[in-house]
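Below: a set of structures, written as structure tokens.
Shared between the two complexes below is chain A, which has chain B as its partner in the first and chain C in the second.
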Partner chain A sequence: MATVTLNQVEKTYLNGYKAIHGIDLKIQDGEFTVLVGPSGCGKSTLLRMIAGLESISDGEIAIDDRVVNKVAPADRDIAMVFQNYALYPHMSNYNNMAYGLRNRGHSKAEIDAKVREAARILQLDDHLERKPRQLSGGQRQRVAMGRAIVRQPKVFLFDEPLSNLDAKLRVDMRLEIKNLQQRLGISSVYVTHDQVEAMTLADRLIVMNGGVAEQIGTPIDIYEKPETLFVAGFIGSPAMNFLPGKVSDDRTHVVVGDKVKLDLDHVVEAGRSVTVGIRPEHFRLCEDGHGPVSASVRMVESLGAETLVYLDFGIGNENVTLRIQGTHQFAKGTVLTLSITPDKIHLFDDETGKRI
Partner chain B sequence: MKRVQFEHSAVPYLFVAPQILIISIFFLWPAAQAVYQSFLLEDAFGMSSQFVWFRNFEDVLSSSSWMRSAIFTVVFSVSVSVLSIAISLFLAVRADEVVRGAKTYKTLLMWGYAIAPPVAGLLGNMLFNPLMGDLYMALNSFGFEFNHIENPNDAAFIVILIAVWKQVSVNFIFFLSGLQGIPKSIQEAATLDCKSAERRFWTITFPLLAPTTFFLLVINLTYAFFETFGIIDVSTKGAPGGSTATLVYKVYVDGFLGADLGGSSAQSVLLMIMVSVLTVFQFRFIERKVHY
Partner chain C sequence: MYQSKWRILTNHAILILGALFMIMPVWIAFASSTHTREFLFQNGLQLWPGGHFFENYGAILFDASATKGRVTALEMLFNSMVLGLGFAIGKVIISMMAAYAIVYFRFKLAVPLFWVVFSTLLLPLEVRIVPSYEVVAGLGLLNSYTGLILPLIASATGTFFFRQFYRSVPDELLEAARLDGAGPLRFFIDILVPLSVTMISAIFIIMFVVGWNQYLWPLLMTTDDQLYTIVIGIKQVYNSLYEGGQIPQFPKAFALTIMATIPPVLVVVVFQRMFVKGLVETEK
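The block that comes next holds the complex of A and B.
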């Protein structure tokens, strides 16, 4: 039960490389915060700074009201789950979970009760006497979770905990983590590069890029109103389509390519060059052939529940992705007519990449 | 379980033949010779010999000088192994933590590896020379009354010191690579679980290094038994009065300087038996406990 406050936190490595460029953040009590971004964006570094595994070059990190910049990791009252589990290979699973408690001087009976309780929650009862190497990947990850929850820390830190698991197990564990976190109500920071994990787990999502928090908000806010071109391209799968465009003289349209004219729902400076972003799921197929956009089919991918169609918009070689519900078959070269409601069109400034 | 068997041909035997030949000529045959010799009593000029069954062994085992050498060998081997393992473990742990100039530091610690045992012995000899040895002077100026020429303990100190110094760099390399083999995230998980660095070392790092330590224990005991010959021969030559002669050195002294080939062979056969027993013991009883 705690808040985590980051105040202008910066990280500069010894070799002069600046990994984090001043991040401000307040994680509320019991909130599940997810840091998401491409590799090298500084998300893991930031997490490790909260854990105390990396020093803080500038700024302050506070857990509740205590500034922890100079506090040893073991004294921060946090627990971390690592990507490769980081279990102690020479200890039984029981001892793996008990180790942190023993070092904090808990009584034997208390440790035993806590470990058995955690094992029960995580369904590890039968594996306590075994060693980590005798377990499967998912079970090891559970032991690592157990090691974190027995301590009942103020904050949970997760460093890509699911990326070593196979796809099916990942989905199961994702639900388990979310469940567990809600039940225990412990503030959590979770790092991932997988945007599905990010969207599903987060109460609040932080999209990072190049050591900067590009956008902070609820997953749905970020999906619906990405503040920058980067966020728009990173969140959402398949990724948002980007097309070069120009705002028309009457300021009610944006012109894409030569002939495509799309209605706008807000007024933008006339003649301005913009990048138009449209999510694949926001195109609507006009069966009657009347619509503002027509494009020919290059390729179709049927996923069963939905179909992805790659279209030629006649602008460069870029494919434009269209995502429609159900199964559809289109021959290559078929011309489709599409429309978009104006509020689903995202405009970004060409120079700054900021949302207009 | 049945294993797949392929048609045999003579070719594989042809390939291993050179190796078998080398082992036979340079290891098996001399060993057999030593066993055979240990049953013979030869006259001083090597003109005639007589088969005497176990008399050489009786002589060796009842001789006080062999007993003394055996005791010294045990004390020497245990001290050298324990000290060099402890010192190099300490150095490796510290070197692993160094951030700036780590490479230089590590390279300097590994350099000793390149020095041959006799050269190490020669260095020790010079450092402890009563006329010009710096360490000899230093120890005496501190009031230790250090005199390895007469005092067996002081002489033992010198050979142990040189042998340990020579071995530290070898152990250091193994420990350092052992440390680097411990996943960083495990160390990090431990920092979150345990505040005391010392406790962390004994509960996490050291158990994870146990296989390395065991391996080094075997290697170091063998080293102290056999490979310290050069160091002893160049520094103390077993003096004073054979008090720093290990069993291997005594085999050489009695056999090649004392011309007692039978007795010397008996000693080397005993040595062979001792080392085999020791090795079997190590693998049977210790190895089981160190692997995780």
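The block that comes next holds the complex of A and C.
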């Protein structure tokens, strides 16, 4: 039960490399916050700074109202789950969970009660006497979570906890983590590079790039209104299509290429060069052949529930992806007519990459 | 892999010959140690044991006069054991702690210091024996167990092995332990030491045998018979072979040799599995 406040947090390594460029963030009580971004964007560094495993070069991190910049990791009242589990290989699972409590001087009976309770929640009752290496990856991850739970910390920190698991287990554990977090109501910070995990787990999503928080918001907000070109391209799969465009003189249209003219739902300065972003799932197929966009089919990928069509828009060699429900067959070269509702068109400034 | 019958036969023949080559001297020493000195003097080395096993070994173990000194073989075995154990345990502890400091604590001179320690491999005891003796003599430690063990206890090899091992331990373990509230000492005792058990036993065995077989250093350090190690004892017995007009004490010298080899062999046999495990695998 706690809030975490980051105030202009910066990280500069000894060799002068600046990993985090001033991040402001307030994590509400009980909120599940996900840090997402490509590798090297500083998301793990930021998490480790909250944990106290990396020093803070500038700014402040506070848990509740206590500034923890100089507080040792053990005294910050946080618990962390690592990507490779980081279980003590020579200790039984019971002792793995009990170790932190013992170091904090809890009584034997209390430790036993807490460990057994955590084991019950995580369905590890039968494995307590075993060593971590005798467990499967998913079970090990549960022990690692058990080690975090028994402490009843103010904040949970997860550092890509699912990336060592196989695809199916990852989905199961994802649900389990979400479930557990909601049940315990403990504020959590979760780092991942997987956008499905990010979208599904997050109450609030922070998209990071190059040590900067590009956008902070609910997953749906970020999906619907990406603030920057980077966020637009990073969130959503298949990725958003980007096309070079120019706002028409009457300021109600954007012209893409030579012939495509799309309606806009807001007024933009005339003649401005922009990048037009359209998600593959937001095109609509016009069966009757009347629509603003015509493009020929280059390739079709059928996924069963949906079909991905790669189209030639006549702008360079770039494919434009179209995603439609159900199974469809199109011969190569078929010309499709498409339309887009104006509110699904994203415009980004060519120079700053910011949303217009 | 398929192996023909002939191939198996030749392989075994070579192995058996090699084994015999290694074992025969030991066997001859043992067989010869169970005869009377007169018999041995007349008939040379023996391939088959004689009937004086208990007599010869009993005398050498418990009768100080049999070794021509004022110390029995039993006492010498004890001295050797103290030296071997002190040497091995001391080296393990010191090199573990040194490696821990070098790997886990970021102090400015860690890397140069490690290479200084490592370069002492170029200076074996024999090279620095005079200054070492001088120091120990100056400290008044001649003829004491402390003087025997302490100057040999720093180990570049051990430090190097433990350093390599610690560096292969994932950083997340340290971080998890820090979050679990373990300080440097707790982390060392609760996590690192149990993880290094196989490593510890491997280094312990090697060092025990090296310590047991020390010759030059104990020879210089001990002028008092009471502190003789068994390796020196053998030398003393052989020395006394030609003194006086008596028939040489060959059987007893052989008996002493056999006894000197038993403890290291036992240690290696008993800890063999851990030893191999420690050298080939790191359990994580």
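The definition used in the following text is that the second predicted complex is superposed on the first by the 356 of 356 C-alpha atoms of A that agree within 3 Å, B and C clash if a C-alpha of one lies under 4 Å from a C-alpha of the other, contacts with A are read in each partner's own complex, and residues count from 1 in each chain.
Note that in this section a contact is a pair of C-beta atoms (placed from the backbone, for glycine too) under 8 Å apart; a residue touches a chain by one contact, two chains touch by 3 or more.
Since the structure is predicted, the reported quantities are computational estimates derived from the model, not experimental observations.
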Both complexes share chain A, so when I overlay them there, do chain B and chain C fit or clash? clash
A:131 in the overlay: touching chain B, chain C, both, or neither? Say first, second, both or neither. first
So in the superposed three-chain picture, is A:80 touching just chain B, just chain C, both, or none of them (first/second/both/neither)? both
Contacts for A:13 in the overlay, against chain B (first) and chain C (second): which applies, first, second, both or neither? neither
Of the residues on chain A, which ones does chain B touch that chain C also touches? 51-53, 72-75, 78-80, 82-84, 86-90, 99-100, 103, 147
For chain B, which residues are in contact with chain A within the complex? 99, 183, 185-186, 188-196, 199, 203-204, 207-208, 210, 292
Okay, in this complex, where on chain A does chain C touch? 51-53, 72-75, 78-80, 82-84, 86-91, 99-100, 103-104, 147
Interface residues, chain C side, partner chain A - complex: 170, 172-173, 175-182, 186, 190-191, 194-195, 283-284
Of chain A, residues touching chain B in the complex: 14, 51-53, 72-75, 78-80, 82-84, 86-90, 99-100, 103, 131, 147
